[in-house]
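The first chain written gets the first letter, and so on, giving A, B and C; residue counts start at 1 in each chain.
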Amino acid sequence: MQIWAIQTLNSLALGGLLFLLSSGFALIFGLMRIANLTHGALFMLGAYVGATVMAAGFGMLTAAASSMLVIAIVGGLIERLILRRLTGNPQGQVLATLGLAFIIADFCLVVWGGDPIPINTPDMFQAAVSFWGLTFPMYRLVILVISCIIGIALYLLLEKTRLGAMIRAGVDDMQMARAVGIPASQLFTIVFCLGAGLAGLGGILGGPIFNAYPGLDADMLPLALIVVILGGVGSLVGTFIASFIVGFIYSFGIALIPDLAYVILFLPMVIVIAFKPTGLFGTIRT
Amino acid sequence: MKKTATLLVVAFLISIPFYSGEYYINLGSQMLIAAIFASSLNLLVGYGGLTSLGHAVYLGLSAYITAWLITKLGLGHAQTAVIALTATTIMGMIFGWIALRATGLGFLMLTLALSQIFWGLAYRWVSMTNGDNGISGISRPSPFGVNLDDSNYFYWFVLIIFLASIFIISRIVHSPFGVSICGTRDQSKRMTALGFNVWLIRWITFVLASFFGAVAGLLYVYFHKYIHPTVMSITSSAEALLCVIAGGAGTLTGPIIGAFLVMILKNYVSGYVERWNMLLGAVFVFIVLFMPSGITPWAAEKIRLIRNKFE
Amino acid sequence: MSNALEIHHLNKSFGGVKVTQDLSLTVKPGERRLIIGPNGAGKTTLFSQISGEIISDSGSISVFGKDITKSPAHLRAHVGVSRTYQIITLFPKNTLTHNVALAMLGISKHKWSTINKLKADDELFVKALELLDQVGLKHRANMLISEISYGEQRRVEIAIAMSQNPSLLLLDEPLAGLSHDERIIVRDLIIAIPKKTTIIMIEHDMDVALSFAETISVLHYGSLIVEGDRDYVVNHPRTREVYLGH
């Protein structure tokens, strides 16, 4: 029983992290129609930056804030300097983000070396929590809670603020949005920064679970793609739910049938794209 | 003009083993194999307009099937080649059917997903693939009694297959079918209205691409006598994509030149610069930003301008 | 002889919006039919359902007695349906000859050939040049589509449509965006099309359109509201209402 409970909590925590990773990807794709293949690398960079901050003696909170900020800036630079020049060339944008993913991944290798960097669970969350006669590692609960809070915050942002309204309008119909005067240029940069920042945050928060290691980007990116495909683009709720579905499939899959982990992970995605291209909840065809 | 140039290049390629050291001859073999692989992807990306991030799966499947049949079952080379090529092409037919349920990003992700599934299987299904250790001990064939362990003979063997493959691909792209593939890339809705079965045209292109990818895989595993899961990684597919894009998608010589350049970069640069991946990425970004049609059209354009100046 | 086009109770919705409402229409062989109506009336959507790009929700479409309602889009050219587009969708990086030859290839079995080169002196290209001559563009045959003027592109659209020897030709705003002189050229081209090709045209240029049409159908919000010859339609109160709002 204990094992199942732990696995469930692991799945939920992973789901939360995937949500942080994928919501950014979904936002960027929904608004700008760019499949940001750099997203996994941004997640990894967030983990590395956060690890460095913590190694310098600061706490997780500072590390998380720094990661978010730094990665958001990196995202902004990518959008302004490179992606902007490729407007109207979706294939070019995908290839450029692929190239950038390679650059960032190798950069991390240069700066931080090939050995995984351990990231410690913050002291105050190191304990275990007991309820229902079972014990759970507290940090995973914390991740779950934080992701839910961010999820709600994103929801409020999208539904209740002017910025959110502009984003939703852009996701629905960019041409029309431009026509009514929505500043596409600034909006794109803001959303890209936001998406990148979320990925970076996911990276450092996931640090105590994954650590920071070369290849983290290649491990995370396919998961983000699966979440977005399953959940559909244009629906925050879809991304949220799909994140947890994938979290469960991955966690239990790795634990139960490691040989076929990739198959059970990708097969639902293949089925969804092939037979329901708008995803389980989405409104936009990929 | 073009015919003489082609003959000169072919003559040059044939002559290389007569005056080059073994290192260069082997490099030449690798470049030709990469050129076949890039050309196969080009059918899909350049002519068909369908960007795939999972083409390495055909190289890998063909290589692994060959490796497994030779080392585990002890089958002969002719048999294994036929089985590997057929089985991989059949997988291409199935993958093509799945992937073509979507276009654009969906297609990209499906091709990525399908290749990732097999990459994962190659790593995890250790009983079949030896996982991270890879399969070694693959022997080269001896067609007509010729010993292909000799690097000269192996080079000429690869060269013959390279020339045959490029010849066939060139016939295909210049034929009415080839013209219709380009049409589906440029205006697919119009093509449908004009009476072309766009899905079928794309599917056939996909299958052809997987076949030639399988051919490259066969040569690859003969060359290295060893196969490892990284051959099916995203990096591997991305490198092939770079060859096509950098060289010039949608042209016959583009991917060949792209493959040659990428292989040279890989072999020389990785001697001086450890950062192959970063370079790969930087070249990608550079080409996409400044030479989007690829090096061959860019160079052709420059040559044309120079010619015009002299006339 | 069966009707060139028979549409019965055609319906199509996108989301909540009904773009074609219980539409029934009959066009006789050799007829010159004009379809008019304010923007949003569903004229192009109707064309798209006839050419197969959009699948109707219910109803039937028959061309010369053949029911094509469920027929896949790429087979419609083979039963003689040809159309031009409001927005030009030619192949910009290819020559005019190539464009026309490609169109002819669409309905030929030759298109599956993978062995032999499509040569410049192929029968296909010879015929393509003839067609370009008919629309007065033979002298531009080797230029790229992107290099010729908009008016000339419109003429190529017609050449392409005619190259398939259609029995039913759908012209979607063939005069859109043309200068006065260009309109006359294109109008004459359309008038010169032989009677064996039935023509249905969507047009807003009333001068040309009204002189060309034998019968006019007026569409409004996806429904057919008035149909008849020119005088009948022009003087009908509903036509005025729909165009003038009262």
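Methods note: contacts are C-beta pairs under 8 Å (C-beta built on N, C-alpha and C of every residue); 3 or more make two chains touch, one makes a residue touch a chain.
These numbers were taken from a predicted model, which means no experiment stands behind them.
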Overall pattern in which the protein chains touch one another (line/ring/star/complete/other): line
Distance-to-centre winner among chains (Cα means, whole assembly as reference): B
Distance from chain B to chain A - Cα centre to Cα centre, in angstrom: 33
Rounded Å distance, chain B centre to chain C centre (Cα mean): 42
Separation of chain A from chain C, taking each centre as the mean of its C-alpha atoms, in whole Å: 48
Residues of chain B whose C-beta touches two or more other chains: none
Touching residues on chain A, where the partner in the complex is chain B: 29, 35, 82, 85-86, 89-92, 94-96, 98-107, 109-110, 218, 222, 225-226, 229, 258-263, 266-267, 269-270, 273-275, 277, 285-286
Touching residues on chain C, where the partner in the complex is chain B: 51-53, 72-78, 82-83, 85, 89-94, 98, 102-103, 105-107, 110-118, 160, 164
List of chain B residues in touch with chain C within their complex: 171-172, 174-180, 183, 186-187, 189-198
Complex interface listing, chain B residues touching chain A: 51, 53, 98, 101-102, 104-106, 108-110, 112-114, 116-117, 119-121, 124-126, 233-235, 238, 241, 245, 275, 277-278, 280-285, 288-289, 292
